[in-house]
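For reference, the structure discussed in these notes is given below.
Chain naming follows the written order as A, B and C, and within any one chain the residues start at number 1.
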């Protein structure tokens, strides 16, 4: 048994190297085959424009999610350490499987956009990890990473390319999917002992401060997450502004309700660490639509309230009634706000806000604005 | 009383949503009304150029200032948590009130530059918060945020648009203003008990390391703070280089004087956490002027010395003689260095260094360099 | 003796100010002398393109290396605090001495690229500092900083401009050089007491989490480190992609071997904090060559294994047999992987991968891609 984890990790890495050797090439090699007419802005230049956004998302995945889960005093190492392991495997497998799904098995040309998408697929597993933290071994997590990213890539393909559903910030495909996948695994792994005791599940003063590092970096860079794969700079701008205003409104309502449901009006650190981020999740699906700043603030405000109420009333209920033990409360941070995001986008489309989204803009869009537009042949 | 804070937060957020519904629109909606002739670089493209600088400033506000104040062992949660609350409210109110002041009550079109300016107005309140940490309730902080940002916006308008004073890095309008506003409030809130005891005001080993997270992110990104709203890329470049060299010189003199005034030459962590940043504050006002790297180093070097001496001799004096208790020593990090910044800019202008600043450059400036220049009509 | 450190720091800073007053000017002053024909992209615009990469590298130097060394419970302050001091002096001296070496004693015009190079020269000293942490006083470190950066600048000049060796990510010139310089100093400073006891050299739970902050920021931004000074955007892209894939592969093998050599399969936090970064060091020299993603993954995978084995078997051996006490294990993170980087680049060149590197590309390179290319005279 001692050799199980090392062997699995080595075999997985060796397999990745072999798969990449056969299927993965540089984006620049694609350019060599299909030369661009426009010499001033090559594909690589466009790709590097996305680099700062990629770095923001990367900080969210490794520092943000990694430290957010350190609030439990005994799981600090597990959360940051296993987070890094899962992410490193997830980025490789995500790059490969998303490439295969979108390019139907042909050569995958890697650009910064693929690296952002690999971060997204990895985020799904890390969200699920929050629900099963403390109940699962590193070796099991490696298997779960491979399975979940495969399902994610298939699901994302169906939602985005078959149904043509708009989900720019991935409220549903990443957050709700990751949360409910994790809860399903947590349900399977339920042991009666989890119901009482939970002595490892207490936070201490310093562990709460470490978790705030995660919260703040997620909060700061969430606008980059929701805008990173937008097709035009105009949509990118809209997604940044909407996410920013959703998050600020969410903080006010989360603090208000945390104090409201707390003993003697005291703020609960778990709410501050998690519910303040619900606005970023909830605004994701319609982040690139013209919902106006006040619309984004309404969505964020509602998400903050729902998330706090979820932590207070729903999580204990899930554990006791449904026998699903959600270690970090991912249902309240990703599950419920993801569902709010889906509902909000329905309302937004009904009210006509989607004219800012890809389909509405396509006819008037200036090709020079797009990052991955097909090149005009002159 | 238990309901005071939740009700205030909810009412404030609801008011913000209503105000934003009436007054705040996307920058892209402005473009639709006033179409630009130049199709290659739209206003949105320019706006997104500022995005990396905006993110740097955002990290300073939330991680930098938030963690800098964690050094007191009992105020770790308050500092990071209330910092996030103040900032979330301040960003909304700052966006609104600055928009109203600068656009005389008409519609406010939100771009990345407005978001940077909202961060600046919020910084003012967070600086003041450092003086009153531990003496003020969350509900009182909400009121102080609204009042201080309103006064700030008026003051900034008078300084910048009536007096036409140059203050690119806002040494005076943000740092000195924030510090003295905070000290005034601290003077009002003075209780004799603050004079002795202060048992909550001790740092412990780990709280000092948390504070260093704040120090380092502030130190690293300060060049972005001082250059973010510069009008031309050339001034932006000058502000980055000057701030960088002011900060490195400040570190050497702050360490030297910390050891010099310390017992048996020992370095004081409070000086390392705070005085090393004084160079960023002091160079702010003349950051975009041609003061040359050595000029910036002289300003930074002096600021480091003054800041350490302030912590050692002035802070105890303020508490005992003037009955003003400055919890985090903001007078030494923001007040005194802000005043040095003002004096330095007078010297710089007398010596002719301001030819790099907006007024001197205006006649020779290439419009393509400016981020928010009015468009030429062809 | 109490006055030694303050006096040294003040004298050094005063000397820097004088040297900068005589030798260092803004890049914009150079433009005034040699006006560019192309008004759309000035040298300053190009310079600012590098700004986000510069900030990434800056975060690595101050937060990354600073916090990585906090894992020893008693050296937390020393590592972060002295790291800042060394870096502030190193940036000034590095700017000056690199400018003098490359421009043969004439005026140095400062741009963002010089600031990145100053960060690189400083990194060398900080790597060496990891080997001598706890054995050396702040005053001694100031002297070591001046000496080591001078030697580094000379060495870099010989390697890069005389031998024309390619070392884009500086595996050899920074990492191996810094590690072996540090080990040499550690050998000189060896005292028999270091062999046993080492009671200060234990990590505690929280100190390990602080170290993970350093690890993660280094890991996330390493692609920027290896690509920051690449000459063309295409090489920059290649360096980013190769470093990224080397790092993800390195994590898997480091975890596998940490568990393999650990007691009952347990992961060792020191390996997770350090060996996961070895892939970034090892791929440095050939980061801009067309080694393909799978080639980068092989290099990273090997580096992860070698680094873990180094911590487990070589470090105890160095201390006992060679009487070299390597506090932070820099030999395993920078020394061995740096040597692997050198060997890997030999293999890569033999296999023809260097056609992507400066010499191979020079004839076909588009001048518009270069950041610091000489301007064409039209």
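Methods note: a residue touches a chain if its C-beta (ideal position, glycine included) is under 8 Å from a C-beta of that chain, and two chains touch if they have at least 3 such contacts.
The chain lineup, named per UniProt: A, B, C = Ammonium transporter Rh type A.
What you are looking at is a predicted structure, and each value in this text was computed from that prediction instead of being measured.
Chemist: Superimpose the Cα trace of subunit A on the Cα trace of subunit C, which carries the same sequence, then give the rotation angle to the nearest 5°.
Modeler: Fitting subunit A to subunit C on C-alpha atoms yields 120 degrees.
Chemist: Can we say the copies subunit B and subunit C touch using the same residue numbers, with more than half in common, or are the two sides different?
Modeler: different
Chemist: Distance between subunit B and subunit C based on Cα centroids, please, to the nearest Å.
Modeler: 31
Chemist: Residues of subunit C touching 2+ other chains?
Modeler: 52, 206, 213 - these are the residues of subunit C that touch more than one other chain.
Chemist: Touching subunit C in the complex: which residues of subunit B?
Modeler: Counting only subunit B, the residues touching subunit C are 52, 56, 205-206, 208-209, 212-213, 216-217, 219-221, 224, 233-234, 236-238, 240-241, 244-245, 247-249, 251-253, 255-257, 259-260, 264-265, 267, 269, 272, 276, 290, 292-294, 297-298, 301, 366, 368-369.
Chemist: Which bits of subunit C are touching subunit B when the two form their complex?
Modeler: 1-7, 9-10, 12-13, 16-18, 20-21, 24-28, 39-40, 42, 44-45, 47-48, 51-52, 55, 58-59, 62-63, 66-67, 70, 76-77, 80-81, 84-85, 88-89, 91-92, 110, 112, 115, 138, 206, 210, 213
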